[in-house]
Amino acid sequence: MPTHVLQSVLPGLLQQVPTTLLYWFVPSAIALLLGTLLCIVRVGQHRVLYWACTVFISFFRGTPGIVQIYIIFFGLPKLFWAVHVDIDGWPAGAYFIIATSLNLSCFVCEVLKGGYLGVDHGQIEAGKSIGFGRFQNFFRVIAPQTLQISILNLKNLEIDVLKDTSVAYTIGAMEILGYANRVISNQFGVGQLWILGVAAIIYFILCALLELGFTAASHHMERHGRRS
Amino acid sequence: MDLDYDFMISDLPTVLAGLPKTLILTFWSMLFAIAMAVVFGGLILSRVPILKQSVIIINTFIKGVPLTVQLLFCYYAVPYVAKGCNGFLGYQYNPRHIPYFAAAVFALAANFGAYITDVVVSSMRAVDRGQYEAADAVGMNKFQGITHLIIPQAAVISIPSMTNYFIWLLKGTALASIVNVVEMLTTAKISAADGYQYLEAYIDAAVIYWAVCAGIEFMMGRFEHHIGFFMRQPESRVRPISS
Amino acid sequence: MSTQKASTNGIVITLHDIHKTFGEHEILKGISLEVHQGEVLAILGSSGSGKTTLLRCINALEIPASGTVSIDGQKIDYSQKHSRQDVLHLRRKTAMVFQSYNLFRNKTALQNVMEGLHVVQKKSRDEARQEARKALADVGLSEFEDRYPVQLSGGQQQRVSIARALALKPSVILFDEPTSALDPELVSDVNEAITAVAKTGVTMIIVTHEIGFARRVASQVVFVDQGRILERGTPEEVIDHPKEPRVQAFISKLSYK
């Protein structure tokens, strides 16, 4: 085992972990917000908004992520240029985050919608019966219960987001896999399988941590008893 | 916005020509993924001690590593593997035609096979217990019961999930463009290189992917409607809440 | 929140010509009703008669197609445009006890009762806790205040639900078949709690098919059939000496003293 290769590569790979986590966290936060908004439209009655969202969601779920990233990467500057804004200085990671946020929000929306449809309507009516207004009912009854039902599906989504950060290097945003690739090409392909193996293990550990975290959160939420 | 609309229209057939390659890649990967899932799923369901745990460990590892990493790994590994297979079953190793396509199929099949294993297992488990008893009652032995009754029903139960994963797999083939495999995204990239019309080419590709995926989902809905009727549970006679 | 303040002639609730349609079926075909301060009104009827829909129209869980609902001075005419705020104000004069209890699953019994007091009536945490404790004591569940609904029996959950409604001191408490979902041996506990509530003088409207219980606790009885009120009067009048043949048939089929 070429330990010297690994010794020189491992610190560098680990240094990329914060960036990877950033590329995971920021889209997740944005998508949670945006996904909730989309979900509200999708379970609501407004005709035009509903169809606009349906098209939006259908696009992001029906096209490969890497194509979306490319389109945002090449297209966003042109879009801004059309309104006379120059975003040439933006780092590649920004495009990745934007593309991932838009993409993820569609999946979050569908997961939340499923969760919302599973909320026992009696709970919502109980909230109404004690006089909750719409916002109060939403924040105190609907949202917590939707989250509880959806959390395992959200867990799977989030693990996918973490793994998909490895696509960022294709537009030049450096993270774990990008760094591994750079090392490999610098070394003319010596030890590339080992390097990729180490990178794989790092991703695996991160995913395992996510899995444990979400499962713990799920158990915590269900400590009052599973619904039905 | 400054888009070369003429190019977008003229490039469409060019990019479309890459679609069959994408579909072929998807089909082969799905085939091997299902094969792997059936074998692994069977081992899990059979509850053979060490094998079942090993399969679960392997799948857990596969599911925890990004597809890109797996594709790149296979990409770098395949020259060695191909060299090692030289002479095996008449295969002649040719350093000028390294089988990157096969490498991509392997990576995709392994990745999706790990997920589809869960579908196989849960579909088999979802078949109503009463069916096994019915098979016994008619005098079938275990093997006959499983092959004639259980597996067909499990297969139908699994259709929605399988179609979902098929669509995921189709989208995943786009990543194969990173590892020297010619499929639709690569074709789009190549067609754009001359005039730097990347955005237009990618939009074309996106539209085609979108149409194909939406089409598959639509067909799946209709198909399930026809085939799935016998899988519906009998409507239970629920008393309406007295008003 | 106004408690038992009624209008000058003692009428707390007025329903006038309520109509409600579900899809193609008109469930309520013009119901008019008056409930006085401190009255316990029992609504009887067979399934499909519209009695639960009627109850839910009072606190706007169902929105009538037309007609007016007036509770303790707050009035909505559903034939005209009405705002969400109007509905909210009307609803806040009521409290409901559901057939399936509908306690908040992620809160203890005490928290369930406190919720409305603290969040809606804006009382301080301590004040809410005190009042909640008293309400739970009134239904005999003080030792269970830290239990979660999943740890309580159906009867206990329903009593917490009653406490939750009581604590809000509404102008009227609505009961939607409060014992229908309970095992028979738990029914009497809940009926006892409801009787205790009635003794406090709160205005109550109960939809029930327990004729015996209605006979004991109600001061006015109304029989709903196919979306209309067929007969109304005191329990003695409607239950003991029904005039309408349909009511007679209903009572005789279900009566068990």
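Miscellaneous remarks
Note that the chains are named A, B and C in the order they appear, and that numbering of residues resets to 1 at the start of each chain.
Just so we're on the same page, contacts are C-beta pairs under 8 Å (C-beta built on N, C-alpha and C of every residue); 3 or more make two chains touch, one makes a residue touch a chain.
Values in this document were obtained by computation on a predicted structure and should not be read as measured data.
Among the remaining chains, C is positioned farthest from chain B, on the basis of C-alpha centroids.
Taking the mean of all protein C-alpha atoms as the reference point, the chain centroid lying nearest to it belongs to A. Separating the CA-averaged centres of chain A and chain C is a span of 46 Å. Taking the mean of the C-alpha atoms as each chain's centre, chain B and chain C sit 55 Å apart. For the pair chain A and chain B, the distance between mean C-alpha positions equals 22 Å. Against chain A, the residues of chain B that register as touching in their complex are 1-3, 61, 63-70, 72-73, 76-77, 167, 171-175, 177-178, 185, 198-199, 202-203, 205-206, 209-210, 213-214, 217. Contacts from chain A toward chain B in the complex involve residues 58-59, 61-68, 70-71, 74-75, 78-79, 81-82, 159, 163-167, 170, 177, 181, 184, 189, 192-193, 196-197, 199-200, 203-204, 207-208.
Only residues 59, 61, 84, 88, 91-92, 94-96, 98, 100-107, 115-116, 119-121, 148-151, 164-165, 168 of chain C touch chain A when the two sit together in their complex.
By the touch criterion given at the top, residues 120, 122-123, 125-134, 136, 140-141, 144-145, 148, 224-225, 227 of chain A touch chain C in their complex.
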